[in-house]
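Below: the structure, in structure tokens.
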Amino acid sequence: MSEYTLKNNNSEVLLSVKHLRKEFPIKQTIFDIIQKKEKKKLTAVDDVSIDIYKGENLGIVGESGCGKTTFAKSAIQLYKPNSGEVFFEGIDITKVSRRELRKLCRNFQMIFQDPFSSLNPRMSVRDVLSEALTVHKIVEKSKVNTKIANLIDMVGLNIDQLDRFPGEFSGGQQQRIGIARALALNPKLIIADEPVSALDVSIQAQIINLIKDLQERLGITFIFISHDLRVVRYVTTRVVVMYLGKIIETADTEKLYRNPLHPYTKILLESNPNLDPRKREKKSLIEGEPPSPIDLPKGCRFCKRCKYAMDICHEKEPDLKEIRPGHKAACFKL
Amino acid sequence: MDIRCSAVADTSAKSFIEKKKQNILIDTFILILKSKALVIGLIIIGIMLVLALFPSVFTKFDPNYIDGNAIMLSPCTTHWFGTDMYGRDLFSRVIYATRLDLFIGVSAMFVPFAIGTSLGLISGYYGGKVDALIMRIVDILMSFPYMVLCIMIVAIIGAGIKSLLIAMWLVDWKNYARLIRSEVMIVKNSDFIQAAKVMGFSDKRILLRHILPNVLSSALVYAASDIVVCMMASAGLSFLGIGVQPPTPEWGALIALGKTSLSKSWWQSFFPGIFLILSGFGFSLIGDGMSDLLRTRGR
Amino acid sequence: MENNILEVKNLKMHYVSKYETVKAINDISFSVKKGETFGLVGESGCGKSSVCKTLLQLLPPNAKFMGGSIKYKGKELIGLSNKELQKIRGREISMSFQELMTALNPVTKVKEQIYEQFIGLKMTKQEKYAKAVNLLKLVGIPSPEQRLEEYVHQFSGGMRQRIMIAIALAAQPSMLLADEPTTALDVTIQDQIIKLINSLKETLGMSIILVTHDLGVVSQMCDSIAVMYAGSIVETGDTLTIFSKPRHPYTEGLIRSMPKDDGSKDRLESIEGAPPNLNNLPKGCSFAERCKYATEICINQMPPLKEVGENHYSKCFHTDLLINSKGLIEL
């Protein structure tokens, strides 16, 4: 753990996200227009700033709708953010041309949640990989087959499965193909969006091990998005907790899991079902559900569900501040 | 980052490339044989094609030769389908008409298929103003009955095969555009299109390599049944006298010609009608079989 | 046994179609005690949901029942007519489904959907209303009078699951089949639902069969469990025993492939390969192919369900090798 902390402090920033905001407009019905209602919007990512360091594995956790996927996708410009800047190797990639962006995109790849829908059902594994390699001219034409064999071997698939179509593979194998495709472009950053949650437990471990191995071998930076807190603890080196589009806490993984500061993080971690059947609580720690990200209440987003909420929490929004070295949280109580 | 690879992997990779092409051909053939509908449909249309390509092999009569001694003969050993009121051999007229009808059916389908598919792709993928424009045109075309529009266009540019085709091209693409558009809207949100975007592929590549193969199947199935509609429409227009002009043999025109003396000589309308129905049946079977085939391949 | 509410013996069910026979349930036996939560644990496609559907005989037409018996309160369910079954479904044994959006009717009010459960019971309108309000209160939905008049899409995911449970409980069943009740939910909401079902079980004295793949949920809810693999029960016993001392290689592998709660970064022990296809099961043990203990006998013969401890059974030839195996927790 300390080894990772050191690495983070010393190593350089790969991607620097500054004040990123992404909103989705809500479609108005005819009645809304007639009644001249104000146009509503859903703020999925609200003023998020974070530095992602080279070689780290950054986990993003939070409940569905907290904006973790939208954040990652808008960071690599898959969604056009409404405002904010994202610096990659000194270039603000929110401002480059489409052509330029397409070239830069090579450096960021994604692994998706649903392995089947992330693969074109009408392309064989070979087609998928060779397309990636040839379009960006990653290797010479003559070496494409060698490189494909390499990739396939790296993700633990067999070379005689190359000409099969995605439908002929099991979920775990499909995910391996997805990983091979992401690796084909020699990316610097891979965003893994719930890469194991669609898989069965016994297959999950295979994919988690594979991701860890690849990271160690190739030194690729990962953003690992998951709602499975146990997996995140195992895989990542640093964690970001998001709630309704904002980062509410961030720290090195072990620090955060052992000593969560924000009340929401505490509840989140304790809500994770304990694996010991002897430790059963009678009462749930938290009542209610997150409010809708449309028309957010004034003040802290969590105050309605927070048992420590004070007057100020309903008035002002807390900033993310460094509570301990390398451990930031957004709460007035701290 | 770059990983060295053994020579063994290289050679085996090459050998697999060759294997691949063979497999796909054989697999497809076996799959076709498995579908009864497809086999029967292909046989019917195959026979029609042979008739259309080599009509002179099957009949010694000139379809336009007027024989004053053989007016309105009922089917017999020399004139299998009988003769019409000018003494022309109906069998050879029906056979020669096959070529024209198949040609009209296929070409009246193909051009709208191409136009509609491309417009549907663009409309569904880009959305926004382009989509609104294309879809409003489609809506306008949809609001008129198919035949009425065709008749209107033919009436403006004049009767004949050429104008018949132009009318059908102008009207028929709307169905393909709608069909493809709705499919594209579904496919474009799937993860593999997101993946293709992340890989930095161009829009052209995403549209043609990734979206098109996944939306084409339903359009292909529709096209097979659309040929039937086109053939019926062209026969209908010819029946009304604004399509193929006499004396060129065409099934619709033949039926129209026979209708005046239907009570005296049933064969004049009957045999071209049978051919029209058979070809329609054949194409629908192909469409049916294809939809099964494409569905199983997709899985 | 007197206090067993449900006894399933040698149940077999296959899905038969023109092309293949899918052996979904292969000779499984288990019993559920009164007032306990029994977990059916396994990966997708292992047949756990099919077991639930077979219990209520809610099977598609291509399902062929191949033998065995299901005794509920001492009464045989197999072979009952549809009419007799309808008296059992909902009234005696009720089911809550995983897919909330499809299992609830989107075009009728929640009220109507709950009233449907009262059909056949002689109740006045006022009684029905009062009962429905009570049900929503019971499952923890605030301001029930108002919410009864709403439609399903007006509820959030967690609230929908609560409604699903309220509907399942409407006719006061003695047994609830819960098919992945928390899978689609977020952690905090999952926690709420787990606790809700646990408390309902105690106040109403129900028995619950819980179908899930999530070991965390199992540990928080189940008194005893059966681990399923490829249509068979491979290990069964009480939760604590199985979590601490698994005696089947599959259970052991499943447990070891979970990341630990202590933050250790040791490599996960994954089970290599994938489960076999249910339409083409091997002759011997269906896990043999992926099992590190497998020997020749495993490939050629089907292992018997052996008693390895008090109320603890394992379907394996090599249970002795696993005598010191470490589970998720230490006793």
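Here the chain labels run A, B and C in written order, and each chain numbers its own residues starting at 1.
The rule is simple: contacts are C-beta pairs under 8 Å (C-beta built on N, C-alpha and C of every residue); 3 or more make two chains touch, one makes a residue touch a chain.
None of these values were measured; they are calculated from a predicted model.
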Farthest-lying chain, centroid of Cα atoms versus that of chain B: C
Most centrally placed chain, judged by C-alpha centres: A
Mean-CA-position distance for chain B and chain A (Å): 48
Distance from chain C to chain A - Cα centre to Cα centre, in angstrom: 32
Separation of chain B from chain C, taking each centre as the mean of its C-alpha atoms, in whole Å: 52
Residue ranges of chain A touching chain C (in the complex, touch as defined): 63-64, 170, 172-173, 200-206, 208-209, 212, 227, 229-231, 233-235, 253-254, 257-258, 267-268, 271-278, 280-287, 289
Residue ranges of chain C in contact with chain A within the complex: 43-44, 156-159, 186-192, 194-196, 198-199, 213-217, 219-220, 222, 239-240, 243, 253-254, 257-261, 263, 265, 267-272, 274-275, 328-329
For the chain B and chain A complex, residues of the former touching the latter: 1-3, 5, 9-10, 12-14, 16-17, 19-20, 23, 190-192, 194-202, 205, 209-210, 213-214, 298-299
Contacting residues of chain A [partner chain B, same complex]: 76, 78, 101-106, 108-110, 112-114, 117-124, 126, 131-132, 135-136, 145-150, 153-154, 159-160, 162-163, 167, 178, 181, 185-186, 218
